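One chain, chain A, appears in both complexes that follow, with chain B as partner in the first and chain C in the second.
After this line comes the complex of A and B, so read on.
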């Protein structure tokens, strides 16, 4: 049986491009914006239950597969959970956080997620984000909320050296084309 | 004639011949040639004409400082004007044309200007064209436009064929310049462990040293450069780039470098230019020095060239600009040119040395090679038009009489050297005058300062003043260590490599040759070759009272050409100082501004062209809209359908159809762009009561309320419907343009004023696709899809509920911006398109039509609803719009309350919102002003109001409008006049702004 007409579709529906690096939209990812006191034990417990991870340090991510926690600001985290489980996780989170001053909202559909891998992925990203992405300065487990050319974005590095890129859904098409242009053949910088 | 020598040419590969074109003529050069060296090898000494007098001009320099040899390069989509032949690497198939002449380079009508030169002195244009005023537009401007400009702009129908990009780089020490000083400074800095980025503008390393000779640690400069490069390449913390010019230094260690990737291999894959956006803790400027021309009559005739450039052509490219050469100098360095030429087999007739004492060791060497040296002499005048023919020689100490004429075909000139202080100066580094070397150099006590108050630029080598090879290398070592130290690293102290070169005697400043040249000579002694500024022009400016060097620059255009006066500035200000009877340091320099040499517009834009020129925000329904006739309207970065135009239909026909259908059947609006902000916390109610003019804390869960937001100055900044989710959570809708702005506004007040309130805010605008289902059949289509109870009893007007429509989880708001029965339904964005399509399909039997923003506007205007940005413009308070009902009188405070109590805000003469109905049913022009009685102090007609929104209403079949009118609400029924820009006078009656369904029955069913 085919999917119901109401089946959710990610912004770029898994579009991909291969130049000096591979660019792909990774599809739907459950995401929860959590604002609260990051030092609270209750909050830490709620995050652990939702993602299996602890509260990440400043500019760090703790991600395993499609679950994890990303530091966003001194009072904000982005929690990653499987897309299908986001409402259940959100409910559980809110239940645990009852009585705490915190805000947890589903933002899964407000975003698009890309992966930039293979080849000089660092260089592709360094063409678009004003971040020191040289080895040593930026390594797996680090995250930056930054700018991708003209739009806001967040990037972190995975263990294999690939980048995860998050942007707003409305500019997913722009960011996909941007990453593709930055990965165009013959555009290796050759510094990292 | 200029020709290729049998030997020499360290940069060319004679086994690789390259064919290129200049003005349609096919010529040949070698790999490694620049366009300038290849043109000279083909005896093409004249390369263009000057800007003002269209005088024949040949190449004068060998690098970035070249003012004359500018060409139009490439063809079609790769054509680019004003490219310097001296920095253009030759490639197979290169096509170039000379500039600034008509009909051709050899014969130019504009050259008549030169005959009129005495009538075209500095400031001529200012004086001549100021009166009479009408002449400017119709006579002067068209003529000047025709003759002005250097190269031609690319054809407007072509599109640059290349791509460009930026690259963000970070370094502890950025070294600009890959001469021996830059190499040594980079090495010294890198030894501390600092991360070093070294950039060089040309395609080769070593700068001038391999041409000028001497030894470094006993090695020839070439060998030392090779050895040092090998070391740097093997050092992990060093990155080196050729063809990359450090173009500008900015605050906080920010620098730009301009990398030319495929200029020498057009069409190769990848970007053409890459702009490096660098953050460096310290910047070393090892930018070298530039030789100064001498100011003598006819110093611009093709064949007159900088002495250093002439030996560059011989040594680097195996090209001599002439067969019988005369060298004119005020220093020892130019003797190197005489010696190089002589050794290459070129006839050097004599060295004219302005110093009565003559030269030192280099002069002796020249004499030993049989070159005649004439001390105390000067060039009185160069004769020849398109080529040097002969030179008249006189005493330097005189007015130019008692001349001896010598036939020759090239002249090498040297007036001393000026350090390249541009990058040092860009961010505020100051200069001091060095009397001994007659040049400005960086003042070590006054560097450009970083955020910590310490200097962040360190000059190195010739760019810092030293001249001899030994001093240059020692200075570079010190600079590299200092930069590393300032960047927080511990440098390894090491001895600088030992540079040995001939001892040079001091130069003697020569600002005019001969020293007291008479007027006819001064009128032919060029300072600025590209802009045709002569010694006499600067002297005239001084006589006319231009004492400031900045004013003189603008009056005479000295240094304002594409070369930015790299050759002319010091000579020009020395001439000005002499004319004013002041010392050179008192006159000072003009301001050095980035970029060092012009960089392409493409590189500045980077990747932002074509599809990624600008981000376009797209709703989940965007592609469907695009496929179904959307006539796009930009709303912020969003694109929203203005109307859905059917085949064969005009845009306004579509609007009228949509407007009627929404009132009569069923309309759908993609309202996804509206801002959605969650506000949650124990203090959220209190917070929202401050943000909105009306009360939000007492809204019941499950209910919606329209609210107004004002700035602290009382002006209306946004509006929208607020829904209460639960005890401590509210959802605030904003305008499309307000989503990010209002989110930021809330965060700012939260973080700066009410940081102790327990409230969190999150912008969830893009989480949802929100679709307005509008019209008498709205409920029918929802009932057909099934799911939640959508009856008025279940969800009354201004209520909301979570539930399901069909298979879709949704949140439904009974709110109406159209005055019709209306449900705004939010579904997850990833299901937005599917939900929209389901509504379109199910709505067919109910006459469904999507409608665009124009229909939205008309529908709201029919109802007298205001629109932020139409009825408001940042100066409007809610009271102006008759929205007093939405301003709480009970609340102690809200943003804007105090401001709205000020006398000007409560003035009864503030224009107020009314409806406007044209007497004849026509549509009022948008923005038109209503004319009042009498005139104001400026003699202008008094105005008593203006149109803020105006439309043709298909439902009412007439023009409707809203406007702000003086005492408007008190003048109902009065007819006022709006003169249009079309000459017509529009008469409109002041009416209630609600044109349609005044009781509001239709939305509440």
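After this line comes the complex of A and C, so read on.
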């Protein structure tokens, strides 16, 4: 076994559950919280270099694999980068942002990421968040920061209809159980 | 269930996604003010049956503070507006006037 101190492990270490949909913790994901003026050209350049994506519009995500940019608030983005590259990406980001009124922080180990797929993912998520997730109202490319039962979370839909869920690492176990209960066999609602 | 439109992220947020932040447009009386002004700043609040202006925070969403104009008796929402203003914008005042002619709230009408 490798040194337990130096080998990072994600919050739920790839735990998974299969019911009416598949719930899995997707493992280590590099994440950088970036605050600043989202209309700044310098900021846009830094984001492009870090993620390959432009600055997302209000409530939009642009994600390709484990790289991308998620809109969080009018002055905040969550940048996704490969976990192994997060420190290098952060250093490059800070270099480009020198002199800008901006702040970038590595939050990779303070968050957990889940995927809900292979089934009525809309339905599973709609049980947990006060959000209209019906087709047409919520589609791939949109991100929604909301409440998952009793904790804060962010969700977006991928092109194949699967959902990505991000929450604080401290509540990862709670969110995994929440998603699993919402995906229990026989719990189909059939509303969508 | 109260639903407020967040002027920052554009979401119609359900009450359970929001935190109530009390009365809106309170003028801070700090250094240089007298005891009565400071007392009023700390303790004196409107408690209307009807039109009320409040602060809310999209706590589980974008995290931003905003203002809401609503009726405490019917829970009707007249509108929401950004936090960076000292008084309700004219379109909000007009929206209230359309539903509650002759309304007033502190110095606004």
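Keep this in mind: the second predicted complex is superposed on the first by the 187 of 192 C-alpha atoms of A that agree within 3 Å, B and C clash if a C-alpha of one lies under 4 Å from a C-alpha of the other, contacts with A are read in each partner's own complex, and residues count from 1 in each chain.
Throughout what follows, a residue touches a chain if its C-beta (ideal position, glycine included) is under 8 Å from a C-beta of that chain, and two chains touch if they have at least 3 such contacts.
Predicted model, so just to flag it, every value in this text is computed and none were measured.
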Response to the item:
Between chain B and chain C, the one with more contact residues on chain A is chain B
Discussion item. I'd like to know which partner A:109 touches here: chain B for first, chain C for second, both or neither.
Written reply: first
Item to complete: Classify the contacts of A:145 with the two partner chains as first (chain B alone), second (chain C alone), both, or neither.
Response: second
Discussion item. Is A:187 touching anything from chain B or chain C once the two structures are fitted on A? First, second, both or neither.
Written reply: first
Worksheet item: Between chain B (first) and chain C (second), which, if any, makes contact with A:135: first, second, both or neither?
Response: neither
Worksheet item: Can A:73 be said to touch chain B (first), chain C (second), both, or neither?
Response: second
Worksheet entry | Contacts of A:58 with chain B and chain C, given as first, second, both or neither | second
Practice prompt. Check the residue A:33 against both partner chains and state whether it touches chain B (first), chain C (second), both, or neither.
Written response: first
Worksheet entry | Which of chain B and chain C A:177 touches, first, second, both or neither | first
Practice prompt. Report for A:7: first if it touches chain B alone, second if chain C alone, otherwise both or neither.
Written response: first
Worksheet entry | chain C-contacting residues of chain A that also contact chain B | 130
Discussion item. Quick check on the complex: what are the chain A residues that touch chain C?
Written reply: 58-59, 72-74, 76, 130, 144-147, 152
Worksheet item: Hey, which residues of chain A end up touching chain B in the complex?
Response: 4-11, 28, 33, 35-36, 75, 101-103, 105-111, 123, 126-134, 137, 149-151, 168-174, 177-178, 181-182, 184-189, 191
Fill in: Residue ranges of chain B touching chain A (in the complex, touch as defined)
163, 165-170, 195, 239, 268-271, 274, 277, 279, 606-608, 611-612, 614-620, 637-638, 678, 680-682, 758, 760-762, 764-768, 806-808, 828-831, 833-835, 837-838
Discussion item. So in the complex, the part of chain C that touches chain A is made up of which residues?
Written reply: 8-11, 13-14, 16-17, 59-64
